Amino acid sequence: MHDTSMSKKTVYISRRARFNAAHKLCNPDWSDEKNREVFGKCANANWHGHNYELHVTVMGVPNDDTGYCMDMKTLSDLIKEFVEEPLDHKNLNLDVPWMKGKRTSTENLIIEIWNQLEQPIQEYNCALHKIRLYETENNYADYFGGN
Amino acid sequence: MHDTSMSKKTVYISRRARFNAAHKLCNPDWSDEKNREVFGKCANANWHGHNYELHVTVMGVPNDDTGYCMDMKTLSDLIKEFVEEPLDHKNLNLDVPWMKGKRTSTENLIIEIWNQLEQPIQEYNCALHKIRLYETENNYADYFGGN
Amino acid sequence: MHDTSMSKKTVYISRRARFNAAHKLCNPDWSDEKNREVFGKCANANWHGHNYELHVTVMGVPNDDTGYCMDMKTLSDLIKEFVEEPLDHKNLNLDVPWMKGKRTSTENLIIEIWNQLEQPIQEYNCALHKIRLYETENNYADYFGGN
Amino acid sequence: MHDTSMSKKTVYISRRARFNAAHKLCNPDWSDEKNREVFGKCANANWHGHNYELHVTVMGVPNDDTGYCMDMKTLSDLIKEFVEEPLDHKNLNLDVPWMKGKRTSTENLIIEIWNQLEQPIQEYNCALHKIRLYETENNYADYFGGN
Amino acid sequence: MHDTSMSKKTVYISRRARFNAAHKLCNPDWSDEKNREVFGKCANANWHGHNYELHVTVMGVPNDDTGYCMDMKTLSDLIKEFVEEPLDHKNLNLDVPWMKGKRTSTENLIIEIWNQLEQPIQEYNCALHKIRLYETENNYADYFGGN
Amino acid sequence: MHDTSMSKKTVYISRRARFNAAHKLCNPDWSDEKNREVFGKCANANWHGHNYELHVTVMGVPNDDTGYCMDMKTLSDLIKEFVEEPLDHKNLNLDVPWMKGKRTSTENLIIEIWNQLEQPIQEYNCALHKIRLYETENNYADYFGGN
């Protein structure tokens, strides 16, 4: 016999992950002087890097049999496959096909991470709700999808 | 004379609390094999445990006389009475009447903690807005109430 | 040539800042006894203090040329000018013109910080979305503006 | 029958505590100008404050019957009595008899906290080994006793 | 050609790991009353649990070819094999052969973790220097080996 | 009149700092295959990066007039000049003269940071005691100087 008393309740579950990557901010349409002026030390020609911290939030209704919206192991595996594998210990400007030609700002990076994760998560009766990405302990971005 | 210039402003205040508990994930309708297959090491027969971290968020309008939505001491006392007392240094599967017969997933636990706190908080001219529950530093859940 | 494929996406960016200040909670219409009864040790006549931690969240659409909603350096400078400069290493009850006559609760403080930051941020094609203010690691408030 | 195989092993146990206090740095032998020059904004006449975080480390040999060097509850109670009670929600310059006439720097504060705790801990077959005191997340001091 | 200018310098490297376990504090020579009196809520018959956090510190001299004292991947693998595998998602009193008959205090646990790791690390031209074990954010122990 | 009762007490004060840098681990005497075999993903040709966190600990005796071992502002300025300026938003392999020809492991980096800071700190009646360097939240190194 199943416990059905809470089957219609939406819960948001989140998984934290991390990746370490190099990048620089650089607009190829601009001179070095303008890049340095706009992006400051983030434009350093030989790159710099970060320990990025990612929080992926999924919404769903807990399953009666498991008590899970989605198995955290599954969510962790999806993040490994679609985010950590392509980004960890990589150069965000050079090594990541889906960041090619884009400024590797936290804003653009979080939008593209959303695009990688949205479909795979939908196959598990859950919906991607929010992504948070910390570039440093003082700077982070949140994204809820766009339209 | 009271400062009334900000009397219609809704502020959300949050209190962090912690409790240490044992639990396991186990569906009594299933064989040991199936439990181990679905819940992995979380199904360990002799239990495991966590330092749970709870954030309780209450919404209200600051009182003109005190500047408080709700006295944090009162909120802390409610959390102690309705959450820490029944859960801290307990076995979530065996020692907690309101978790009996439920999978002790973070999802189910957060829903039931909401059910414990919702009424008591309403007696203080505030409304429970959100609960966040960390099972580990990498896994957590948010709940905003259901219907 | 610009990358326009994501130009309509709203991203929320946040900047963390800190300031150390003294304060006490005290209603001048009340006796010392009543202040002590309501505010407890927070009413200590000779003040106490906190390391306040502030998170300022701004919403905007990433610019095609920079990938930024708003330059984090600009946001950091605005917080320095409008929050850290008037509050850091100050007495919130005595040294801050815009807190005069108000209870220096976290709730009132966060509302007034919002009022300081809202206009300056609008000049950068972004909107102030949320402020979070930690008074201690266990107590914090969120504010999304009022009406 | 007791487990004696590890009775000669020294273990260091630590307890974290917190207190929120106001203070300022001010040498009464100096002019306001010199105080401002040497101590900067820490000399603000109307005080500022901090969430101090204290770590008290005690060394001892685990007892065969309990497995404890010293009951953490006892250590916590001693810290409450000798540190939190006199310092929490107080003004370090005005309200604390054993800081009177001293600069309330982290260095002087940690030495005096040591002096308060050293004797009481010795009554429990343990020795105070180290105190760490965080004034902010970026500034902290360690003290191992002096002679 | 190797860089030999710093070949005699001792560096201490540390790896953080985590495990989630159930336990209780209970002396089988004592009555339930005495256990409850001495160990308080830690004696709860049905167990409680923790997210333990472990820091393993190894001392060595950086190798000229690699710049490593010891490959962090190797240290991480040793911790997985000798600590996480036997302790994670386990009951410290029932499931761990080398804790049998011992009080599962943080003190005893850290001594036995040392005993598991000391030999394996010596095979890599390094020496185990220190273990730190957090039972909660407020309680932790350090151990440097015994004699 | 000075307070001399604690003038012989050694206190250790620490300052936390941060820098974001790119690097890779690569031994130029080795083939790409051997570099990849030994350094794994840390050998990625196009670099990766980290948010490094540095803790600099200085020992000294508090000055009677100030209560300071050393002004934290001075220590912070020295770290900015000798560590953050050359390392922040830089490539550790390419942009830092004093890391040229060395493996940019945490071990080698911490030794060279020590060499940069040791002399400047001695000019302030204090001695550099310890450096801690976090490469990630799980990996860090400590160094106390060599000989």
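Residue numbering begins at 1 within each chain, and the chains themselves are lettered A, B, C, D, E and F in the order written.
In the analysis below, contacts are C-beta pairs under 8 Å (C-beta built on N, C-alpha and C of every residue); 3 or more make two chains touch, one makes a residue touch a chain.
Model, not experiment: these values are computed from the prediction.
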item: Common touching chains of chain B and chain A; value: C
item: Touch-network distance, chain A to chain F, counted in steps; value: 1
item: C-D, A-F or A-C - pair sharing over half of the A-B contact pairs; value: A-C
item: Mean-CA-position distance for chain E and chain B (Å); value: 30
item: Chain centre separation in whole Å, for chain C relative to chain B (CA means); value: 27
item: Residue numbers of chain C (touch at least two other chains); value: 137
item: Pairwise chain contacts under the document criterion; value: A-B, A-C, A-F, B-C, B-E, C-D, D-E, D-F, E-F
item: Parts of chain A lying in touch with chain C, wherever the complex brings them together; value: 25, 27, 29-30, 38-40, 101-108, 110-111, 137-144, 146-147
item: Complex contact set, residues of chain B against chain C; value: 1, 3, 6, 8-17, 57, 62, 65-69, 71-73, 76
item: Interface residues, chain F side, partner chain A - complex; value: 18, 20-23, 41-42, 44, 46-51, 88-91, 94-95, 136-137
